[in-house]
Amino acid sequence: MVDDRQRKVVYVQTYGTEARDRMATPIYLAAAAAAMDMDVSIYFTVHGPTLLKKGVPETVRVARVGGDGAPIGHFLDQARELGVRFLVCQPSLDLNGMTLDDLVDGVECIGGAAFNDLCSEADAVISF
Amino acid sequence: MVDDRQRKVVYVQTYGTEARDRMATPIYLAAAAAAMDMDVSIYFTVHGPTLLKKGVPETVRVARVGGDGAPIGHFLDQARELGVRFLVCQPSLDLNGMTLDDLVDGVECIGGAAFNDLCSEADAVISF
Amino acid sequence: MVDDRQRKVVYVQTYGTEARDRMATPIYLAAAAAAMDMDVSIYFTVHGPTLLKKGVPETVRVARVGGDGAPIGHFLDQARELGVRFLVCQPSLDLNGMTLDDLVDGVECIGGAAFNDLCSEADAVISF
């Protein structure tokens, strides 16, 4: 990079607890980006918000060939400690029959306009 | 943004009628972007083109926890009225056993080269 | 484009042999980008690496309405001959119970940091 400004990356997480094999990768990669001092957000949409439901992070484990891996909370905690922002939108909460009160602390609810602003200003939007 | 040029966003819609829980989100977000005066296209690929089959928009409803939501045509119409362009590619039509004649009016067919041009010039490509 | 530098596109391939209907599209589009002299990589993640397992390219065929299409190797070979780079990450190999030795020749293994660098420098990141 020729300039010194902080790079911005947005991860989009569309899978939740219904796809235990698909749920960890974007969170792991978002943490890796934050560890490089990038400005990183994960937008949990479609079924992504189910990962943020109280009780889920500690109990739902990654599915992998050969047996279960770590609980998804391991990856979520690591990302959060590195400064990754967790974002959701209201329509996805509705889709899953959830409200903001169902979610773990520290999740921000943004609208479609804010999401589009975020993406258009980012260096990369990476969807899963 | 420091300049006045219009921002461009490309949504990629890979799910169709086989995933009624996943089909509305990108269309809703694309409409939100168009409402902000962005230049917005949705590229319907893989199974996305099944949403544009004549008869589908009025009859296929979004699946959500607690029962069906609005027909997908509600979201498609809203996006279109706000100026979102609907794009498909021939290989995806082939994949689903469809032809351009099967589609609702106003859909443009573009090739892989045009799609890559569109994406490389966009401020964000957001896949679902 | 107002400048002469080579455009860079990153495709992210998250589906593998478990989704024979979804596996060809990103490879076909990546080949189309390479044919335009873009610098193109495909990052095979989540189940994407299963497409690169020795023996798979020749035998696993694309599923389409009306019967099977070409073997996935047809698309992989075409992309590679046009200069597309094939990338995987270690956690995805682990997820699928695979090692680098299981893969066809010519695949590069990169870490999460390298992936985030690649994406933030690309003109477009296009996920499937």
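In order of appearance the chains are A, B and C, and numbering begins at 1 in each one.
We take it that a residue touches a chain if its C-beta (ideal position, glycine included) is under 8 Å from a C-beta of that chain, and two chains touch if they have at least 3 such contacts.
Values in this document were obtained by computation on a predicted structure and should not be read as measured data.
Peer 1: Chain touch graph shape: choose line, ring, star, complete or other and state it.
Peer 2: It is complete, because no pair of chains fails to touch.
Peer 1: By how many degrees does chain B turn when fitted onto chain C using C-alpha atoms, rounded in steps of 5?
Peer 2: 120
Peer 1: Examine where the copies chain A and chain B touch and state whether the two sides share over half of their residue numbers (same) or under half (different).
Peer 2: Different: when the shared numbers are divided by all numbers used, the fraction is under half.
Peer 1: Give, as an integer number of Å, the spacing between the C-alpha centres of chain B and chain A.
Peer 2: Taking the average C-alpha coordinate of chain A and of chain B, the gap between them is 23 Å.
Peer 1: When you check chain A against every other chain, which residues touch at least two of them?
Peer 2: 125, 127
Peer 1: Touching residues of chain B toward chain A in the complex: what are they?
Peer 2: Per the stated touch rule, the residues are 1, 7, 9, 21-22, 24-25, 28-29, 31-33, 35-36, 38, 62, 64-66, 69, 123-128.
Peer 1: Quick check: in the complex, which residue numbers of chain C touch chain A?
Peer 2: Per the stated touch rule, the residues are 12, 14, 45-47, 91-92, 94-97, 111-113, 115-117, 119-122, 125, 127.
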